[in-house]
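These notes open a run of structures that come right after.
Two complexes, one shared chain (chain A), two partners (chain B, chain C).
Here is the complex of A and B:
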């Protein structure tokens, strides 16, 4: 079976899934996730990963752990991921409050434009740029991920794969946050947490004899605790310290103001540049959409200063080009960040972490280079079910883009009301929802307490300026790193220098050291 | 030393100490095998190696923090008090969640366990604990306890309970899986 057979099978898996009310189930799930994502993105204090975290146990309860569950569940999560990016612009424009961190730069021009009575125009520009950037990024994903995976599978053996994992962790620890040292500490803590009660010996290591830890730290408890609860604790304390933000937001109304095609055409160069910037940044694990938005905005600002006419507003005073550049950049991260997930099995951001968590929980799909093997099927000439699933996943992304282009803009204008919900009321409900989601998955109060403990860890990390993302990514990759290193050590005849004997592995290790040194020098500057 | 650097240096010293305790005390005492083991005349990686690598990474990060301290933020007294308040609230609400049902069923002949899947018993702990958690947390955040917040907490907890319990037979609300 060739690559096109897999592509067609993947597309059919989406469009021929069991129909509900005459519509294929997976398509319905993508739509549901997309609408939920816009709503969540439009609600300050909530974020796409929170909705993904809470939805996952419910989705698993509905669809179970079979292979048929993968596409509907992942389709829903991808819908949330894409919808939240678009939705984040709504409160940024209407209320001067970014719905998601990466929409902060959108406030700079979106809110001034809305104050001029052109909120509808600002929303349309944001939607057009966001949908364009997202679509571009998905196309790059579909083209790049399989080739990268095939290259990795062809050229990298066990020592090289171990070195690549070390390079990825070093890169993530160095580039996230403002301090390389804290990034590495966060990564080390994540690796340590992943080692609790795992290993090959009968004795569950690092459990201090506690029976409650003898099955290890539940992956959902660690991830939801550090990423979601930690953020909720911090956001609630921020409200506690500054009572004004607890109150409902007041904003501008969405008046009628049309956007002509010529006006949109003027934005194309800005959208194009930002889409390329966002896609490149998204493809690198660990660098988030906030940096993409900032870079997209500053690059556009430089071009705008040269190209603008005297009557055009400055950046920061309601220039549509500023909104377009920011939204195209942050949206184009969402597709590209699946490149390391699908080709290497390495999550690059919080949304990708939850996609991997879903794949890991349901089973039947192990993201990584083996996904795109043509000989991965059972028997000669059989389809590789994982590759079919990957192309099904790509299809759900394009379906989500289709929804974004057609109904995304209309729905964005409807959900502006979400920003009026006070965070002080909303976040405690999110917290209980998260703890309940953990309990129904683990059926143990110990897991709830572990989640709360991880929540405090995530809170403290944020307060001392240590990013929790290296912790989470190292926690996910820790088991894989140890297993690959064990196999590589055994396969090389217990060679203690197995990471340095192969030229490719050596290059990866040198790059890992290089990225740490480079990041140290740049933060010092 | 620039202002703000001392927080990072203390943090780095804490993690350096933690890493040293890990390497020299915790890992040797709490792992079944060493760094490398000989199994059937072949050397294999032991269970202690990966945690040691993690500890070395923590020590390395701490050393970099000592050499290049950033303008770090320290935990303030207010942060510690906030954590203590949260911990207290979680303890109260989770204890209520855990024991309210069995306490309410204490006067029945059978006790809580046979009743834990039936109405209204299965909701008692979750509703009480959830209401206290949401209402208390909202009150703590806004610095005033109000009946309205507890009413919202009750409504939200009830909705969550129904959302999980009504459509799915196999999902168990807290704390019924432990009892």
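Here is the complex of A and C:
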């Protein structure tokens, strides 16, 4: 049986699933997930992975553990993932409150543009860039998944992975925000928070004897606290301190501003570059979409500085190119992200973690190198059921992309109305939604207190001009960094110089040092 | 005559049935509120899934409200520390592994827990703990792997301090020193082995499908008895290691529980591991349910806890 037989069988598995109301069940599930995802993504305070976490147990209890359950359940989760990616730009652009760390860079140009009264334009650009990046990434996934993951993995051993994580942290700390020093402090605080109660010992470290901290700081509490509550606190203070400016901010003017094709064409180079960057980053295990967004944004910034005409706005003052570059980069991670998931079973970001959890729980599909084997079937000439499933999965991704291009666009235009809500009314709602989401997810008041604490931390960071993003990334990667470093140290027979003994790891470390020094010198100038 | 025999048999079956149903209904014990079920494993993994399925079956069979909740970390010690403070009236139970109450409780001195702090209910399934490598390595037996280890350093993936100790002792018994890489959970060992970050590692049942398809090889059984899937692989005792990784998933409650409550809960959990969805999943992943309960379970906890010191000393 050739590869095409598997492709056809996979596509048919989706389109010939049991019809409900005349529509194949799997397609219906993708649509349901997509609508949920886009709503969740567009709601300040909620994010895709959270919706996936809540849906997964419900879906499994409905569909059970049979093999038939796999595609509908995964289809729904993929729908959420895609919907939330495109929807995530909405709160970032309209309210300056990114729901996920990857959407943070979108606020830099999206919010200024919305304040100028061009919220719809910003949303359209975000939708176009996001959908293009996503589609590009899915095509790469389908073409390259089998080869690429195995190749990447064979070059990166544990020391190289440790060095790569150090490089990503160094890059993010020094590139984001105006000051390298503040970036590194922000990253250091994030690493410190990630160290609480983790590690290999049997007693929880750094908890100061508090039993409530013994499971560590909940990831949602830290991230939503710093990113959303920090912004809400700052905005509330702004309103309190300056009534006039609050009135000025009240209601972003939503005018029907058309985005001409010519304007979109100007964005193509930015979207293209970012899509390639996002796809490459997505294919690396464990790095994730935030680095992609950052890299996409900074490369675009450099190009824009050379190419722009004098009348165009600067990056950070509402340049559509900034939104396009960020959204294309963070969306193009989601497809490529499945490369390490399917070929090695290693998740690249939070969304991928839930896909793996679903595959694990339902069974019948074990991500790993065996997925893409032509001889994986039982007996000669039989189809490999896992490869069929993989192509079924790809089909659901393209179906979700179809919804993204069609319904996604309409939805983005509709939610523009939300921008009319005055900030003084909206902020308390965002606050309530965020705290409720945390409580629902963690079911403990301690998590709520931690969120509020992190909110104050985020507020102080904003007040002293420190970017909260390095904190968030360091918090996410901190545990991973420690575990990989520990494992690399053990695997090399306790070699203290494990980061410098292989050429690839050495290059990564030198680049990490280089990027900090380079950024220090360029800010000094 | 045959009619008489049939009638007697029918009567006997009927009476047994009525006695069992009377037992099932007439435990005389009911929880005073919802039962909080703490699960010491990451959400979505094999261990978590089987706990949640049991919760579902349990709720359907008894009508008691079960609220599953994740309390993960420190090899089950976090869940046990939380459980110790809960009321012993049957409204709080936890699913851990026997290793949590044995080795991990002994090793986590600061946590202040020991088997006497808990009431064992029942085990649900045993580990199928094997020493596993990728078939691509070309090793068909344990000796092949040791020969390779003598040529150059091998990386041995483990998922708990106890297993790291065992890996060390296994190497020591054969004159080799493994680079022992401890990761979180059997799934992580499997990923490491599949991706080539580790050469071999401990897997507690997760390897079943890979071994069946020929991608993975069970080189040895880390149990006191042979693996169900690969009965020919030598056990740790055969390989000169006097300790083993025998272990089970187990439900526990706080100490000082009312015997009626203990009995009712135990019976209900045993019932749900032997029927329904939970049974299907346990059979698929762990080779069938194993229900050790009562005094036998208490003795198992105690001996595991006491053996921990000997193992730690041997691995020093």
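Here, the second predicted complex is superposed on the first by the 306 of 525 C-alpha atoms of A that agree within 3 Å, B and C clash if a C-alpha of one lies under 4 Å from a C-alpha of the other, contacts with A are read in each partner's own complex, and residues count from 1 in each chain.
Quick note on the criterion: contacts are C-beta pairs under 8 Å (C-beta built on N, C-alpha and C of every residue); 3 or more make two chains touch, one makes a residue touch a chain.
All values reported here derive from a predicted model rather than from experimental measurement.
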Under the stated touch criterion, which partner chain does A:202 make contact with: chain B (first), chain C (second), both, or neither?
both
Touching A:61, do we find chain B (first), chain C (second), both, or neither?
both
Name the contact category of A:3: first (chain B only), second (chain C only), both, or neither.
neither
Check the residue A:215 against both partner chains and state whether it touches chain B (first), chain C (second), both, or neither.
second
When both complexes are superposed, which of chain B and chain C contacts more residues belonging to chain A?
B
In the superposed arrangement, which partner chain does A:429 touch: chain B (first), chain C (second), both, or neither?
first
Figure out whether A:143 sits in contact with chain B (first) or chain C (second), or with both, or with neither.
neither
Going by the contact rule set out at the top, does A:358 touch chain B (first), chain C (second), both, or neither?
second
First, second, both or neither for A:20, with chain B first and chain C second:
neither
State whether A:157 touches chain B only (first), chain C only (second), both chains, or neither.
second
Going by the contact definition given at the top, which residues of chain A touch chain B in one complex and chain C in the other?
61, 200, 202-203, 443, 486, 490, 494
For the complex, give me every residue of chain A touching chain B.
58, 61-62, 173, 178-189, 191-192, 195, 199-203, 205-208, 233, 236-237, 239-241, 243, 246, 424-425, 427-429, 431-433, 435-436, 439-440, 443-445, 448-449, 452, 456, 459-460, 463-465, 478, 481-482, 485-486, 489-490, 494, 520, 523-524
Touching residues on chain C, where the partner in the complex is chain A
43-46, 49, 52, 56, 69, 71-75, 77-78, 81-82, 104, 107-111, 153, 155, 161, 179-184, 187, 190-192, 194-198, 209-210, 213, 215, 277, 280-281, 284
The residues of chain A that touch chain C in their complex are 53, 56-57, 61, 64-65, 153-154, 157-158, 197, 200, 202-204, 211, 214-216, 344-346, 354, 356-358, 360-361, 363, 366, 368-370, 376, 443, 483, 486-487, 490-494
Contact residues on chain B for chain A in the complex?
7-8, 11-12, 15, 19, 22, 26-27, 30-33, 36, 42-48, 50-51, 53-68, 70, 72-75, 78-79, 82-83, 86-87, 90, 94, 98, 126, 130, 133-134, 137-138, 140-143, 149, 152-153, 156-157, 160, 163-164, 167-168, 170-175, 177-178
